[in-house]
Amino acid sequence: MQFIKSKLPLVVTFVAAFIIIAQFYFDIPAWKTLAAELLRWNVILAAFALTLGIGGIVKLHWGRIARKSPTAIYSAFTLGTLALFLVIGIAQTTRGTTYGWLYDYIYNPVAATSYATTFFFITSAAYRAFRIKNSYAAVLMISAILMMLQVGAFAAFMPFAPKISAWLWNIPTSAGMRAVVIGGALSMVGNSFRVIVGLERGHLGGGE
Amino acid sequence: MSATTGTWLAAFLTLGLFSWMWKENPWFRLVEHIYVGCALGHLAVTGYQNVVDIAIKPLTQTGKYILIIPLIMGLLLFSRWSRKYMWASRSSMGFLVGTLAAVAMNGAIKAQLTQQVAATMMPLNSINNIIFVVLTASATLYFVFTLQQKWALPIIDLGKYAMMIAFGATFGNTVMSRISLFTGRLQFLLFTWLKIGS
Amino acid sequence: MTMIQKLNSIDVRILYLIMVVAAIYPLLNPIGLPLPITDRVRDSYAAIDALQPGDLVFYGIDYSPTQEAEMWPQTLAIGHHLARKGVKIVMLNMIEGAYRYEERIRDIILDEYPEYQYGVNIIALPFTAGREAAFMSVVQDFKGLYTYDLAGAPVGDLPLWNEINGAGDFTMYVELADAADWWLRPMSQVPGLQLWTGTVASGASTMAPLYQSGQMVGFIYGMAGAAEYEVLVKKPGSAAAAMDTQSMGHALIILFVILGNIGYQAQKSAEAKAKAAAKK
Amino acid sequence: MNPGLYVQLVILVAFIGVFYVSGAKFRSDGKFSARKLEALAKMEEAIGRATEMGKPVHWSYGMGAFDAQYLAAFVLLEYAATLCAKYDTRMICSIYLPEVVPMTEEIIRKAYIEQGKLETLHTEDVRFWGGSHNPAMIGTISREQVAGNFMIGSLFHESILSLEAAARYNAIQVMGTSNTHQLPFIAAGCDAIFIGAEMFAAAAQLEPTPVRVGSVVAADMITSIFVALMVVGALLATVGNTALKTMILK
């Protein structure tokens, strides 16, 4: 039992990852087929994982309703909407017309709007949070302002603005971002490697 | 359920979320809670449909019995819902994260390291190229943390300024993105719902 | 309260109101400023324009409603361009919220271009979970990954599906996503496959070095990119109309940053003075 | 061997080799030193100032899914908790993901025990908010008028909310993330930030273990070799020689 609880997960992780890495570098037809199968399994598990979020949310909101918390009515709406989407979605799949209606007139507007509200956050942050506290922030803000000036109307008043922002974009921005990309590459390799050989286990979760 | 009803419902939900900018209120909270429900619901439905299309149907209709393994592993993931039986999900989780780590590692070195470095090996025959190579090299050194010699510090600092210019550009672009998102909702409210103008 | 202190304590709701008015006004009264086309968008257009009729092209629709405002105009403009080139289109979708946009663009192409027949020169494939692993699966065993198409019909019945052997048959991969490396890392492993991406403006600088290095043949971003593309394909749409709002919004944000910082510096110097006075 | 992957395989093998060798070396001699990170010093300054003002500090991991960034954040949380215990300053944590609540409590508790200050720990300061993380976080920052604000982890747009709320009280702000889409905002609004890999380096600096040291040293070594290659390659390209460029893509 102890093996299944603590050793097996590490073995599974290592073996699956090893097959995928080995067939990537070396041309072994049988392993290629195996790797393709493993990737398909990953897709299936990832699909299962999409439904995992339900557990925590149902627990949280059901708890609020059971406790008759003052926010119980809102929780009821969360659970009600969830149930509505699940029932219709499973009954007629996402291809059904009723599900399409739910998607177009409920999911789509709330998802799009909840992101659109960040427009206001940026407005107030522009006024209250983006304070130039040091020389780095000063350089950042100047670059940001020059980038914003490239769009539309400004080009008409300031013909030089698009030229400056194009230079900023092509030279220092590409160079700076390239450094972030390169810096992230080996940190990605390091993290992946630690997960594969079992030195990092946070994702496996606690429990007994 | 007609498109007109739908448009009114969508407008109600949209305005509810925007009402937050005045102050937090029950309307906003209601829509926020609906969002949590439908986002999760949609995720779960697409996930379920995927499992049916990629695993269950090929298993039952074409007899791909090997797919029983990922199906069982997938079901075991649900043991994460219980503190006591969480351990049963570990192998599935390990598989999921391990394969993903392997795939990412395979792609990262070439796409993010060697190709990027090769692209920086440009002839130093113009001011722009010289600036580009110097900034890329110095900003990359920022991520070499054990480099702490005195001579290197100004170079690293130069690199940090290059990154700040890059972040500034991202900042400007993100503002652009946010305005676009808001414009998109305004276009819905003005043109689709209220049918003003165009 | 001095003028400067007042500057430091404006109710943000007033700023919000100014922003909303500034966004609505140009939408209702478009100024219609000329839209200069950037070289990058022109080059990206040329890359798709160089495709030959009958070339196989992946069209990846990977964004959710949260990015609809920026991404849908791009999807539409590029969709028209691909259809006019007469290429064979295979649509993919790896993001949970994206299937609806895939349906829409499929239907628009089928409606407006009579030479397109579903299954013969255009296929729409369903959502697949797993992100990077799903893309890797496309690279390694494209045919093995799918059994059904977006509408739920078996892919084996579609003539185009039976012409394809794998990802290696494709000429170009056109990806519309919220700027991410999780599609690029796997797809760049297909030899000879050209990569082309459209993305949200906020993710553009992440992709900039990857375009600059030649890993992608095309790269447009944001509503601005969509608007320019609309001009190039001569299909003016919602993006071009929204560009005036963009300029107004930018002007105001710049103004707010400047106002906020004037207030901040003033407050800082006032605090410093008070401190100095207290020391005496 | 598949074509076009020779150099890539060499890099991978070299990474693993340096990782194990430098990890083993650290295990035997315990020596590791890295550049002093500005953001670490700022965190201490923030807690010190909060102590002077008699105000608490605030902590959040952001709203990203559980990933490697959390692991780096845990070490920084321990650092902040230790300082808070030492100076008798409260730290209020706003938490989005339920699974990190026990880990957070455990880390803070451990820090207080090590400082011998367990009796001063406010256990109710670790607050789980779930989906209402954002409004609750803004409310907490405003009610408590925090003097320091830390946000480290997988950050999304909540970083701007937190920045804006804490800016009203002139809090010293330190944030860190690998999410490039948020780096500009935290760089614009914070007093100091951890940029991407810097979070992991900070973990190695604060509490070196063979695994952490090995990762940092291996990444550092290969990165610096490639910076050198980059410069040499550019010089060669200037005189028309692209051999090195062709070679590293082999």
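For reference, chains read A, B, C and D in written order, and residue numbers begin at 1 within each chain.
What we mean here is this: a contact is a pair of C-beta atoms (placed from the backbone, for glycine too) under 8 Å apart; a residue touches a chain by one contact, two chains touch by 3 or more.
Note that the structure is a prediction, hence the values are computed from the model and not measured.
Of the two chain pairs examined here, C-D and A-C, it is A-C that is joined by more C-beta pairs in contact. Averaged C-alpha coordinates put the centre of subunit C at 30 Å from the centre of subunit D. In terms of their C-alpha centroids, the spacing between subunit A and subunit C amounts to 16 Å.
Subunit B and subunit C, compared by their mean Cα positions, are separated by 13 Å.
Look at where the CA atoms of subunit A average out and do the same for subunit B: the two points lie 3 Å apart. For subunit A, residues that reach two or more other chains under the stated contact definition are 24, 39-40, 42-47, 49-50, 56-57, 93-94, 103-104, 107-109, 111-112, 114-116, 118-120, 122, 124, 128-131, 136-137, 140-141, 144-145, 148, 151, 169-170, 173-175, 177-178, 180-184, 186-187, 189, 191, 193, 203, 205-206. Residue positions 5, 8, 12, 131, 180-181, 183-185, 187-188, 195-197, 219, 223, 226 of subunit D each touch two or more of the other chains.
Multi-chain contact residues of subunit B (touching two or more other chains) are listed as 21, 32, 36, 42-43, 46-47, 49-50, 54, 99-100, 103-106, 108-110, 112-113, 115-120, 136, 140, 142-143, 163-164, 166-176, 178-179, 181-182, 184-185. Taken as a contact graph, with one node per protein chain and an edge wherever two chains touch, the assembly is complete, since every chain touches every other chain. Against subunit D, the residues of subunit A that register as touching in their complex are 24-27, 56-57, 60, 118, 121-122, 124-125, 128-131, 133-134, 136-137, 140-141, 144, 177, 180, 182-184, 186-187, 189-191, 193-194, 199-200, 202-203, 205-206.
The touching residues of subunit B, when paired with subunit D in their complex, are 24, 32, 36, 105, 109-110, 113-115, 117-118, 120-125, 129, 133, 136-137, 140-148, 156, 163-164, 167-168, 170-171, 174. Of all the residues in subunit D, the ones that touch subunit C in their complex are 180-181.
Partner subunit B is touched in their complex by these residues of subunit D: 4-5, 7-8, 11-12, 33-36, 131, 135, 180-181, 183-185, 187-188, 195-198, 201, 204-205, 216-217, 219-220, 223-224, 226-227, 229-231, 233-238, 240, 242, 244-245, 248-249. Looking at the complex, you find that subunit C touches subunit B at residues 13, 16, 23-24, 27-28, 66-70, 96-97, 99, 126-130, 132-133, 136, 145, 147-148, 181-182, 184-186, 188-189, 200-202, 204-206, 209-210, 212-215, 221-224, 238, 241-242, 245-246, 249-250, 253.
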